[in-house]
């Protein structure tokens, strides 16, 4: 590379002299092009490219407090307009979704409170969000009944985590529910650590109930072939990571296992690489594994995903128009049976 | 509180004028008592207190690159001397342990390399550690065979993640293996997201093999009752968290489910609370849930756990003497059958 | 506080089904109200309140790579419309401004380059921004001449850092220059660590030149009375911090010294409190000192200020209308002489 | 590079089976060699190498709450045994040192307190450290008197920040004082942002006093030639950074200005590079500027410097022996006059 090649594109300064749409601001960030703002603009471009790429299957990996952050309807809308094709989630986010589907709520609160008082009041805290215990208790009993019903139908047959998610979605009425929307739209939701959430406690409750004839069984490994098959059959694959953790690892592992390194990758996280943990690992590192292509469109935005992802979505929705509905490449929900 | 109550203990300055043992330095940190050094000293004291509390069951939650960081023997030794009673781990850490048990290695490398070259060389990178692909391939085939063997023995019976871990440990010869030591010492290893690691890929391989009569089945929820029972039957419970993620959540959820809020808690992490994620959540927040007692001995050390945990262990081992072997309160390995 | 008081305001979920203006998105963030998005919405509200408060003097504390981030015109526009009244800056930001005023540029680059090659090419790197050495060399010589000229005028009289900034601004032609705009608008720019930047090297150059009759003198303490007087005479004071460091400390110290704890405070930073450093210190901590009022409107947004501040400005400008020009309470530029 | 070159050094696992000295633990970290522990071990080796290099001048850049962290005596001892040659500090750290020299104290406290109560009690908080206001008031009056005395001696002559520091050190009796030790040992202390601390307020107090004949004058730029000359005359230069900010920038700028890129560099910080700020900038980036040599021994340790630096010192002091006193290459204190 020659010297002049390094000095091609001057930073253009941001100009705000009236009302800007979100995407107009993102275009300014693209023109300035450096540090966090530059990376955010790149993330918007990559997401748009994924959406417009007719051969691409889009994986959304969810960790952190997605629903308490107010992103529930956002995710539901992405599912319904098929701006995402596959969801990989922690158990907790689906629990939070289910709580609201049963008319529970997350309340705006404060992180600076007396937690012992909250404890005595039976209020649970998630940073600056409060949830009343009764919303969890209602979930426990309604879902234990749901587990019983599913178990009775399945008669000892084990479910995969995605089948489990759809069985829940099928039984929820709330159209704003992520689980419901995914079921209706046949968007798979993988929950690789399903046991590590209230769903695990509910299972305990369910299994302890008297006269329980059938116990719901979820096989830990049964969702592996489907997610690998989706990656494998899709000409291209893209990943958007909110946070990191098990959901990020699951998507990347599926790409590796199916020998289909990802073509697009957006990671939004506060984690950093130095401790060697997966959540903060650079996208460069994933190249060595064959999880992401070296020529992939990829970017890592360092920041609070629960603030940054809505900005990206707003920018991309503006580009697409509000009525946009994407046609997915794969009929994902039926893949597994197709494959047999 | 009166004014003078705030002004009781002056910071005493650190004095290093010759050789110090690790614990002597920690005593200095206790005397200075502020910021990271103060919290590190508190963590040493809490761990010592847990170990000396004959009624306490100690949970070690492992996430991040524990084995590539050189902490494999450290964890094995903690198991053998029973300075930990229960391990909750990501799948990845147990995969890394198994790789070394099969004579594979993690190599000291650099984060500043050409990842595409590594890819072409079939070398995987974990920040500044390299692992050759052949070590994974060997693991895949030897463990697929192990899965087959276990499946043949179990004949369709589902295992819990901890039973799965012991079945692996039983079949590994290496005395330095975490899985082996846990099996021998009857220390349960829970792997709540077992599918999210090479163990998931190996299962796919195993299940795809021709003439496979029995397929290994791991039930996603089956380990829930045991971990809750351990918490429930133990008069006191303590937790040490390396990193956060699913392992931290699993321990805390067991405490909540069994209505035995933790008596001791040490969290070592780089994560912070502001995004609402679990890994960075303060220990104050856990009080609201009933996961940790408000009067518990607890501390959160902000730092690279893979550097800080060995310092804590060195300090506590120095206090206990190298020969120390703790007698656990519960015979944990047999709990489940006892319970029936 | 009663139980029901904690459970008043449910998180309302973000809805993006078409084009949103930046402020419309901020209103959604206000409705969701939690984590980073909630704090960002609060920051927008506080800044609007500051601007509409006719008795408030607004201090903008600048650290980090403000100009390479593309925020140069943004700051200039804030000065010209008087959405800020006083600037406290590192030397580096004013150096970067001056480089562009002399037709130099910051170029969009990459952090992932061979720095030794850049060194050989005489290109300096600021994360993912490149600056050619010749832009610094031009600055050095033109500013050394400027120093000479100022020194000749002042004849041994020492300047304060803000007088120094205005003398530079007076001599720059570029209307987009922060220094120029501040000079024209009589907005003081304090540079408490002026020596710690290229301005220090230029001074060395200037002082080493042959036949140098007068040496430019900047008194380290001379700007203290003015900034304290501004705080003291202003009925209310507000602070916006980009990053932290010396500029944040200088504003807070002025508030303390003048016994006018701040009424409004917005801090945008990636720094955290645990190490005890000033940049990451909570706004709660500042209350103990009397730097910020306990009843102040205040918020700390954890994130990359160079991405977040433009969002806040866009939201507030949208509320005010693009033509808005604020009338400041104090004639700041003349304060010092008024005082005598 | 060939494939096998990447796979040379297996991670050796940490073994703790009895009492370890701090350096024995660091040797284990060297053998494991990855992530934070590996970088910490490298930092110990580099500091040892700097100390044993007879041609090297060692700069210690101090930011953050060094004295409240209990590192006051540690720094004093480093000065007296000449394990550091030059100090570059924030004003605040020298203020904290002076407070203790005048029999004030920093008290161990808690970050989780009612800051408004502290305010009413006239107690200042620095994260989990408390300082009573009267210690500041005493400082203000005793130092204002000191300023008067120095001003009377200097009769209008401006001091550099390092001359100012020595004038203070000369007047303090406490042998544990950093300022005192530096004065006695002729170790320069540069305070590039001297105005941004209680020293600035004291100046205001001093200048406001009635019948003040001479006002103490500190020239903002006057310390530039000396620090550049030290770098320039020293065959080799090394830097240890606690935190970052202005002190780090000042050392690096001196290296650049004197065309003597640093031969050794250790940076200990929680800051990261992504926002473009100086404190978190990688050492690779400094190569492009010519601030650090590309072949320098250099490492960046991500962590709380106030916990990590004492560990490094303990390890190096153990290697050197407690009686070790280093002979500096330069007689730094007299450099300036030599140069004329």
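Chains here go by letter, A, B, C and D, matching the order in which they are written, and residues are numbered from 1 within each.
Please note the rule applied: contacts are C-beta pairs under 8 Å (C-beta built on N, C-alpha and C of every residue); 3 or more make two chains touch, one makes a residue touch a chain.
Values in this document were obtained by computation on a predicted structure and should not be read as measured data.
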- Which one of the chains is farthest from chain D, going by Cα centres? A
- Using residue numbers, check each pair in A-C, A-D or A-B against B-D and return the one sharing over half of the contact pairs. A-C
- Query: Taking contacts as defined above, which has more of them, B-C or C-D?
  - Reply: C-D
- Query: So how far apart, in whole Å, are chain C and chain D when each is placed at the average of its C-alpha atoms?
  - Reply: 26
- Task: List the centre-to-centre spacing of chain B and chain C in whole Å, with centres computed as mean CA coordinates.
- Result: 45
- Note on the structure: Shared-interface residues of chain C (touching two or more other chains) are 34-36, 65, 68-69, 118, 123, 127-129, 270, 272, 274-276, 284, 302, 304, 306
- Message: Looking at the complex, which residues from chain A come into contact with chain C?
- Response: 1, 3, 6-23, 25, 28-29, 31-38, 40, 65, 68-74, 77, 105-109, 112-113, 117-118, 121-123, 127-130, 132, 176, 284, 302-304, 306-307, 310-311, 313-314, 317-318, 321-322
- Seen from chain D, its contact residues with chain C in the complex are 63-65, 68-69, 90, 92, 111, 115-116, 118-119, 123-129, 158, 161, 192-198, 200-201, 203-204, 207, 216-221, 223-225, 228, 243, 245-246, 249-250, 253, 256-257, 270-279, 281-282, 284-290, 294, 304-306
- What residues on chain A touch chain D, complex-wise? 34-36, 272, 274-276, 302
